[in-house]
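As written, the chain order gives the labels A, B, C, D and E, with residue 1 at the start of each chain.
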Amino acid sequence: MQKRIKEKALELLNTGVVDRVLGWKIGEFFYDLTPAVFETAEEVEENFVYSGFSGANLSKYLIAQSRAGGKVAVFLKPCDSYSFQQLLKEHRILRENVYVVGISCDGMLDIEKIRAAGCDGVIAVKENVDSLEVETLYDKKTLNRNDCLLERCLVCKSKKVVVFDEMIGENGEEQETARFEMVAKLEAMSPEDRFEFWRGELSRCIRCNACRNVCPACSCEKCVFDNDKSGLRNKAAADDFEENLFHLIRAFHVAGRCTDCGECSRVCPQNIPLHLLNRKYIKDINELYGEYQAGADMETKSPLTNFTFEDCEPSIIHERGGV
Amino acid sequence: MVDFVKRISGVNPRKCMKCGKCSASCPAYDEMEYHPHQFVDMVETGRLEELMNSKGIYTCLSCFACVERCPRSVEPAKLIEAVRTAVVRQQDKTHLKPDAIPALLDDELPQQAITSAFRKYRK
Amino acid sequence: MQRIGVFVCWCGSNIAATVDVEKVSQVLAQEPGVVFSTNYQYMCSQAGQEMIQQSIKEYGLTGVVVCSCSPRMHETTFRKTCEKAGINPHMVEIANIREQCSWIHKDKEVGTEKAIILGRAAIAKVHLNTPLTAGTSPVVKRALVIGGGIAGIQTALDIADAGFEVDIVEKQPTIGGKMTQIDKTFPTLDCAACILTPKMVDAAQNEKIHIYSYSEVESVKGFVGNFNVTIKKKARYVDEVKCTGCGLCTEKCPQKKVPNLFNLGLDNRRAIYIPFAQAVPKVATIDADYCTMLKSGKCGVCSKVCTAGAINYQQKDEFFEQQYGAIVVATGFNPIKLDKYDEFAYSQSPDVVTSLEFERLMNAAGPTGGTLLRPSDGEHPHTIVFVQCVGSRCDDEKGKPYCSKICCMYTAKHAMLCREKYPDTDVYVFYIDVRTPGKNFDEFYRRAVEEYGVHYIKGMVGKVVPQDGKLKVQASDLLGNRQLHIDADMVVLAAAIEPDETARPLATKLTASMDTNDFFTEAHPKLRPVESPTAGIFLSGACQGPKDIPETVAQASAAAAKVIGLLCKDNLTCNPCTAEPNELMCNGCSSCEKVCPYGAITYVDKEFRGPNRTTLIRRVAQVNPAVCQGCGACTVACPSGAMDLKGFSNQQIMAEVDAICR
Amino acid sequence: MTYSYFPGCTLKTKGKDLDRYARISATALGFELDEIPQWQCCGAVYPMSKDEIGTRLSSVRALISAKEQGRELVTLCSACHHVIKRVNGDVRNDEQIRDKVNRYLKLDDAYSGETNVLHYLEVLRDRIGFAALKEKVTNPLTGMKIGAYYGCLLLRPGKEMGFDNPENPTILEDFIRAVGADPVIYAKRNECCGGYCTIENRNYAKKQVDGIMENAKAQGAQMLITACPLCMYNLKENATDGLEVKYFTELLAQALGLKEE
Amino acid sequence: MSVNEQFQPTIVAFCCNWCSYAGADLSGTNRLQYPANVKIIRIPCSCRLNPMFILRAFQKGADGVILCGCHPGDCHYTTGNYYARRRMTLLFSMLDFMGIERGRTRVEWVSAAEGAKFAATMNEFVDTITKLGPNRRLEDLRCRKE
């Protein structure tokens, strides 16, 4: 895959179809791949990497890149393409300046899980279809690939690239997965337990803003939390309330726009399952207002800018049972 | 007692606008000394004693014509039944005694007529 | 820092009885920014207002807080007061310490404490207030009247008389409404047609009035002063301009078995018809449900006989768009359906009729030519029983909870006319109460009893049994304490009236509110009875509640007066509290645009300065302040908080929250 | 389709015809009536007093039987239908009654009115459909002018029974049309026959019945049909010069060619 | 707050200007009592209510927040309350999901004619909140009033 993608990047640059390529390069470690813009074939040859660690969603960078003059090529995995289309829908990306190469995806790897499997000091990972050969400072191990996938990939909602100019690999389909299982489990808990759960998680938040910075939906010109006049300005949470506030408001602002790409949880250095908040909104929206997948198409109205006369009343949360 | 009748009947006699449609609908009107609309008024004004001694409470057919047609959903039949219930629940106030039954029977009389008479007129 | 003055009103004892006004003004004087604080008996009085104006000058106030009655009561008053003293009216805030404090609390300590908190919230808000200036929007000098009955006609005539263009939209092929079906009017007994048809002709001939007959309102957009209405003109398959109304087609049409709705189905008409002789416009209409030509393509007789060549089987529904400054609703009423009340045997015998049907049976232009004959056998009825309150004054599940108001009088009229024309008939009227408030109304009813010998019986009919050509009426005579059994020839039911079934969907289109009975609600039940709470929508006639003809006409003229008052203005002052985007923060995502009910938001690509002397084109929202009504939906839809609402800004509301929760 | 079936006392004794014809017709129409085991009296009259619990219990037992079988409960006798349907409504809507009944019966599995109560006629109208019934008729009763006699209990109170328009019912008329005969509409078809008074005040019952018969005859009826054994008795025994009265099920069996001559 | 003293909750009621604020005025005009714990903030429409106002109220010490608007279908701005209805449904569901007591937030549609409903609703809401006790799960300790 890496080879085909790299060839495509070179081809697009060399034939002048695009002026730049948006892809991934190695960061501090080989498994720490970061988004990067390549302007020359040489740079691509040297630095472009695509591997099981290319989880980063590139769509958000196009807000700036599509306006930076010339044309840019981007490689989008299925879940990234939803974010891309959602941004198109919100007029954030200039479509005509982007050349989208869709890539099929078998799931991305979670280095934490590899570590958890007893591999400290990982220095290389060779990916096979079903297994991973992990080389560490100390020895070599073979792991089951499936055991090392990111949570979001285990419950992948869709293998379909929804918008592309060209595909590498076979395009897939949307799929039914148990992605709301954890949300449902929490819903079934008592309010006290839920409260404790979330306190336990959110109190670890260090307000590094990684979730916000990575989120394709959190792409405001100026975030309310950075705005002196918003009344919400807050750089660092000093108290339980502010930890709650930040994540509550963030989730509400992306509700109906979040495509469930899972980047927030992936990048959280404290491993807070932030995606559960977004999924709760998605689950509620699906149950109360009908199935809706942000970014799935350009036409359907977002549930929060839409309504029906027969919508349920807010009191439904008292009626629908549970504790 | 009035409260008891109101409670077990679930009827609010104050809803009555005194249109008389119950009495206009009642097939047993001529068999009663107090008519459905008077019933409602008498419960409201507390004249229960007279009602309880009235024969009319046993002539109500429970046909629900007054219930059906009352524009205000007062449902006089329920009041009549409540008063009758209040009477037959008292000691020795049973209206129908088993001894009296055989004389009333004929071969074709359906069982339900007897059962229902017992249910309606005895404790 | 603002320099704020606080003015606490006693409202006589209305506030002062449960709120320690002295303490309130003292405590509030300590609030930051408050440079002057006082209390006074009647702040809205001349003296009170002068005190405010003087204080503004004396202390150089930049903001004013009045602790008084509801802002819905005197906000405008105090704003004007301050404006005259030279500060922007939007620098004034009201703390509602009467309706929402002194009147609902009994304990003076509690009331005082709450009043202080409400005062603080207002002060906190004023600190963030900014001077606002209202824009203006032009008024389209044309009115729309929906419904062409007597209410609609009167309203249209009055508006036209004042020199404004008026359009009437009427769903029937002719204007005139219910009154065309009525025979005589109470209490004068003059002929309804004689007083109505001249008005219909006036309306038709008035240059300022345009009648869209056989038409409906399709959609309404816009707002007061500038409504954009789409009118659907239903296909009548006859060219209105060419048709001369000669009526030849209506005589030659071979389809003779069409129930004549004008006579409530008591006789038949043809598939092509003119509802009645004085119809306006006098133009034929083809009933598509019955016309053989339209259904099977075979016939075409009307087209052959029409010398004007007006028949057009290909006609389609047409849609017109028109701008209006004001809209008057005059959709009227209908008698209710009687299937819930078949103890009266309405569905079982043709001789049981509604009062409106009886009206047709008495009318010289009706199916019997004005001779009262039984529908079943065409015989003269000798005993007639009238039943009042059929479906009116009921428990909610049994019928209409209201009194239909007109039945007592028209029944007295019917009873009287019967006895007058046919002295040999016995007429019984069963009533619960006889309600005759109105000029000469009770006298009229008494005449029916005393002079015409109508038997008024307090009681109700319980059952009507059609048998052997008679109607066996079983009823109660409450005063006589007996059950009556009358062998009647006819039974006439005073069916309750209800708003026309088109009213509910129309209300939704107009966003005008309705009560649970589908009557339109007034802006104020006593003081603004002909205005809907929705600006620019006015109410005329029975769409607002049961009404007789004089009341309807009075309300119609009142509605016209209100419309004229509006159309006289060239411009309306807009709401200054409009939404305003901060372009620097706008993402251009269109969320706000999608929730705006007025289409006030548009987008432009704008050049911004980027870092390092670069320029950047960004898509940003723009609000048209003339169109924005200030609801604030967009402000919440905006994730970045770029959109804010003037007068109710995020900061202002949060300042109030803070002050209250402090 | 199998329904739980509650026949009631009279159908086992004086009203056997009503029951027998209903069962054979059901089989012919493709549904089965499964008599619930060990049923007790329906309670005979609906107790209008809210505090009467005892008389409601037997109805509730029948309702629970049907619930346990997971079926709808079909009744035939108007009185049984009236009582069971309304008691079920009470259990469904009146918290106090539901609570008391459940505590009284010491139920493991609380009953809160889950069973759906249907009258046989409702099965014909809503499940079989009169059009389908018409197709199955082998012996249409052409030319017969039949008056439907509803009485009171089937229809009233309309809000609770939800059976038909209480003042202008059509279900029996539609039934009569389905079996090929002509319905005769007469106003007293929902007037009380005086049944409950027949023991104590026969003359009064006679007056009621004569009024009904007179009205039906005047409107051209040659025969009346009913669903109520008590009405049946009354109309037959207390009429001065009455029309023939049959159970509607007999007419049904006849039209389906099932009635032995 | 001493143990003996009954807990006096702070309640913020956001009322739309056209229906509910007028409804609140009407309950005053009719002298219908409801506790002084309720303080009303006037907003133009229920759709003006930003979730951050609710959170801000809780932060600063409110124990309950209620939104009152025109009945669906009667919105002065046609559609505002439909959006508010969705927003509040989702927000309240989220608060519930995070373990905040469901009773602390509420939406009620109150027309200008429903003074009695307004008072009844407020009585009921104050009662609910009093029973729930002080808001502890969504408060800013620094803002706590002692």
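The working rule: a contact is a pair of C-beta atoms (placed from the backbone, for glycine too) under 8 Å apart; a residue touches a chain by one contact, two chains touch by 3 or more.
Being a predicted model, the structure only gives us computed values, none of them experimental.
Contacts with chain A and chain E are shared by C. Least step count on the touch graph, chain C to chain D: 1.
Farthest chain from chain A, judged by C-alpha centroids: B.
Annotation: 65 Å between the Cα-based centres of chain A and chain D.
Separating the CA-averaged centres of chain D and chain E is a span of 53 Å. Look at where the CA atoms of chain B average out and do the same for chain C: the two points lie 47 Å apart. Shared interface positions of chain B, defined as residues touching 2 or more other chains, are 65, 69. Counting only residues that touch two or more partner chains, chain D has 167, 191. Residue positions 343, 397, 463, 595, 637, 650, 654 of chain C are each in touch with at least two other chains. Applying the touch criterion to all chain pairs gives A-C, A-E, B-C, B-D, C-D, C-E. Per the touch definition, chain C reaches chain A in the complex via residues 584-591, 594-595, 603, 616-619, 637, 639-642, 650-651, 654. On chain A, the positions that touch chain E within their shared complex are 183, 186-187, 191-199, 224, 230-232, 238-242, 244-245, 248-249, 251-252, 255, 277, 280-281, 284-285, 288-289, 303-309, 311-318.
On chain E, the positions that touch chain C within their shared complex are 10, 12, 18, 21-22, 24-29, 31-34, 36, 39-45, 47-53, 56-57, 60-62, 70, 73-80, 83, 87, 111-113, 119, 143, 145. Note for the complex: chain E touches chain A at residues 51-52, 55-56, 58-59, 72-73, 79, 82-83, 85-102, 105-107, 137-142. Put simply, chain C touches chain E in their complex at residues 70-73, 96, 98-101, 103-107, 110-111, 113-114, 117-118, 121, 508, 511, 513, 521, 533-534, 577, 595, 597, 629-633, 635-637, 645, 648, 650, 653-654, 656-658, 660-662.
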